[in-house]
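Across the two complexes that follow, chain A remains constant while its partner is chain B and subsequently chain C.
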Partner chain A sequence: MNLNSSGYYRSNGDRLASTVIDGDAVLVDLATGVYYSLDGTAGTVWQMIENGRTVEEIAQRLAALYDTTPAQALSDVESLVLRLLKEDLIVEAAPSEPAAPEPLPDHRSPYRTPTLEMYTDMSDLLALDPPMPGLFANNEKK
Partner chain B sequence: MSSGVSGALVSCIVPVFNGERYLREALDSIFTQTYCPIEVIVADDGSADGSRAVAETYGDRLRWLSQTTAGPAATRNLGVRAARGDLLAFLDADDLWKPDKLERQVAVLQQLPELDACVCHAQLFWGRDMVEEETLYRDHPRGQAIPGYASTTLLVRRRVFDRIGMFSEDLWFADATDWFIRFREAKLALHVLPEVLVLHRMHGSNLTRRRREASKTEFASVVAATLSRRRATP
Partner chain C sequence: MKILFWTELYWPHIGGVEVRSHRLAVALRARGHEVAVVTSHAGIALDDQVWHEGIEICRHHFWEALSANRLDLLAAARRGVAEFKSRFRPEVVQVFFTDPSVLFHWMTKAAWKAPTIVCIPVGLGRLRSGDGTLLQRTLRQADWILAISSAMRSEAIALMPEVEPRCSVIYNSLDPPAESGDPLPFEFPILLCGGRLVREKGFDVAIQALPEILQRFPSANLWIAGNGPERSELQKRATGLGVASSVVFQGWVEPREFAKLTGRCTMVIVPSRCREAFGNVALQAMQMGRPVVAAASGGLPEVVENEITGLITPVEDAAALANAAIRLLADPGLAERMGRLGRQTAARRFAFDTYVDRHEALYERIKSA
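For the complex of A and B:
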């Protein structure tokens, strides 16, 4: 699987149910009932993917927000994005509008390698009742 | 109604909201159960259609309860509070039970008193006007027989509601999933029957279809809350 660090990605929204609480993201694969957590730095990466930022932009922002080098941030974001692609949690997307400059914090936060945690313990519980994946991408009723 | 198995009274709770189109089929699938004794409670969530007229054709074979619209969980709870049976079952007004659904489940709970609840498998089905959609899901995991962690597949001892509480009325979509998660967290005992005894109807007005994004967010939030509780437990 190839990664384009200048390319754009988006959440595989039709297949996923997701929420972000206090900066941590939880994703539920509606097809399998597997769910995932993206905590701390990983939650930051997830929100920037959803906001249409490239891998390079995300890494730059991560290095500005957290105590890490741009090279380390880029390597880690690339690894995480590859994992997200492998799990079908994101897909390639059309280019977004350029990001508006965002303010920098006074202090950079401690850095932890962004990781994706996968859980299968509720696959049975999530197999029947959640909304069906793939049905209604273009015709949702308001 | 024939009766292969009899014993404890089963309260059959049918929550309905503007469900006149399929309600008769649902009720008929209850009244043709091979198990008795049963009581049937239709819990109405402020329907504005002809649901009540459909229910009234069954006379005193069922009880009709009504409330101002408060959501599916509150409607199920309305039925739970009114139920007289020691065993409770639920059927959404657009779904169907197979005739031996209660008989099979009651037999399991009678044989194994330590069990708190029994669910069966469920199979989705589509109406004749949705053949294209049915074709899409023929080979999909969600198109197969699925272990039924949903209210329509459940037969549960009343005592369980005293132990883990009612359906959460602030949830409109994921209330049953949340309830089953609490059931599991309380380490209660569940048996899953391998047979498909419930048919879940896919149609243009399924709640999770009409309000898809809201339902997705709610399911994700329930999972996130579960993860948070687990991490907070030493």
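For the complex of A and C:
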């Protein structure tokens, strides 16, 4: 799978639902029920993909926000984007309007390699010991 | 100590894990600990925040969010959990791992750092623990894994061998019974099964064994207490075998009433074909002085000592089950002796105070590790 570091990507909205909560992203493949989470730096990368940034722009921004080198950031962002492509979570997109420069924080945050966590066993776990609604102590609903 | 319980279901839901976690929480509070519970509505409109018996219960829509892929509910639950953790500041978290709601615990680890004990109260054997599973993350990230039987400890180790040094067993326990039960009836023997009417419980095997038992003891009855999707199938099977008039479906029975039923029966049969994590029904039978006929499934042989407190039969072996029941009915002295020894074993080996002591000791150890 080839990666174009100057190219644009977007979330694969046809099959994906996603949300960002306090900087962390949670994605659900609606076709398979597989859950994904992108925490911390990975959540930052996801938001920038959704904001129409190229891989290079994302890496530059990451190096500005977190305590890492531009080279390390580029390598890590490329790895993550390749993984997202492999999982069909993103697809190539047309160039978007250049985004306005975002302000930089006073201090850079500690850096952690952005990673994608996936959970392929959610439906198995839902079936493990499902609740039987209606069984209540003294038939109370409190 | 501040202890946070994480359990998909909790009071007023009734079931093995919900009742056990509730009793443990109340007992810990009685010993001076501060206990809070994060749990799920599980499809029912319950209050989000409530106090019950001194325990703060914080409910979220975990089940609804994950079963329907509702990311709006997921986001709300995640925020709610993070806020609650930051406010309660637990010193240890005990997760009763029966469902995927633990995902919210891991997603909010940064909100408040506390060691996590993952308790395994159900069989995990049919799950897979490869890369990219929540099960793997849960076993990997747990500071300690607590199994409720050696069988469950073995399952956890089989799924992920590296957990062995941080995995121990605390056997389940039940509150001491309020009453001791009747003498075992032999003139009109009652064989009791209890639990959800699902295929895994193997109640069909008990029905399958009944014709042979009735040949020797025509006045025997099989009582089945519980409800579930298999009920009509079980009724059909009883009718097909010509034993419907000897099978009594009691329907769903409250735990306290189930103890009373147990105290009226001649023996309790636990014919599970699934790997039972422990065997609460068997333990309750022992508390009430009843001999147990149990399948060699999961943790059951750890609860019921073969030839001492009951008889262990191969899984799904109706003939062996019938022979075991007939043996007890034909030898009241043996049945009564097994019942007595069961009562003693329940009081000694599965004592509730010891169960709470062991949890306290584990919390102290994990907290200071």
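Basically, the second predicted complex is superposed on the first by the 122 of 142 C-alpha atoms of A that agree within 3 Å, B and C clash if a C-alpha of one lies under 4 Å from a C-alpha of the other, contacts with A are read in each partner's own complex, and residues count from 1 in each chain.
The rule is simple: a residue touches a chain if its C-beta (ideal position, glycine included) is under 8 Å from a C-beta of that chain, and two chains touch if they have at least 3 such contacts.
Since the structure is predicted, the reported quantities are computational estimates derived from the model, not experimental observations.
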Partner chain in contact with A:S6 - chain B first, chain C second, else both or neither: neither
State whether A:T32 touches chain B only (first), chain C only (second), both chains, or neither. first
Counting only touches as set out at the top, which of chain B and chain C does A:I21 meet: first, second, both, neither? both
Where does A:L128 make contact in the superposed view: on chain B (first), on chain C (second), on both, or on neither? both
The intersection of the chain A residues contacting chain B with those contacting chain C is 17-19, 21, 24, 26, 28, 30, 35, 37, 119, 122, 124-126, 128-133, 135-136, 140-141
Residue set of chain A touching chain C in the complex reads 17-19, 21-22, 24, 26, 28, 30, 33, 35, 37, 39, 117-122, 124-126, 128-133, 135-138, 140-142
Per the touch rule, the chain A residues reaching chain B in their complex are 16-19, 21, 24, 26-28, 30-32, 35, 37, 119, 122, 124-136, 140-141
Residue positions on chain C within touch of chain A in the complex are 8-9, 11-15, 17, 40, 42-47, 50, 52, 63, 66-67, 69, 71-72, 74-75, 78-79, 82, 98-100, 103, 107, 122, 124, 126-128, 132-135, 137, 196, 228, 252, 254
Which positions of chain B touch chain A when the two form their complex? 122, 133, 136-137, 140-142, 146-150, 153, 173-174, 176-177, 180-181, 184, 200, 202, 208-210, 212-213, 215-217, 219-221, 223-224, 226-228
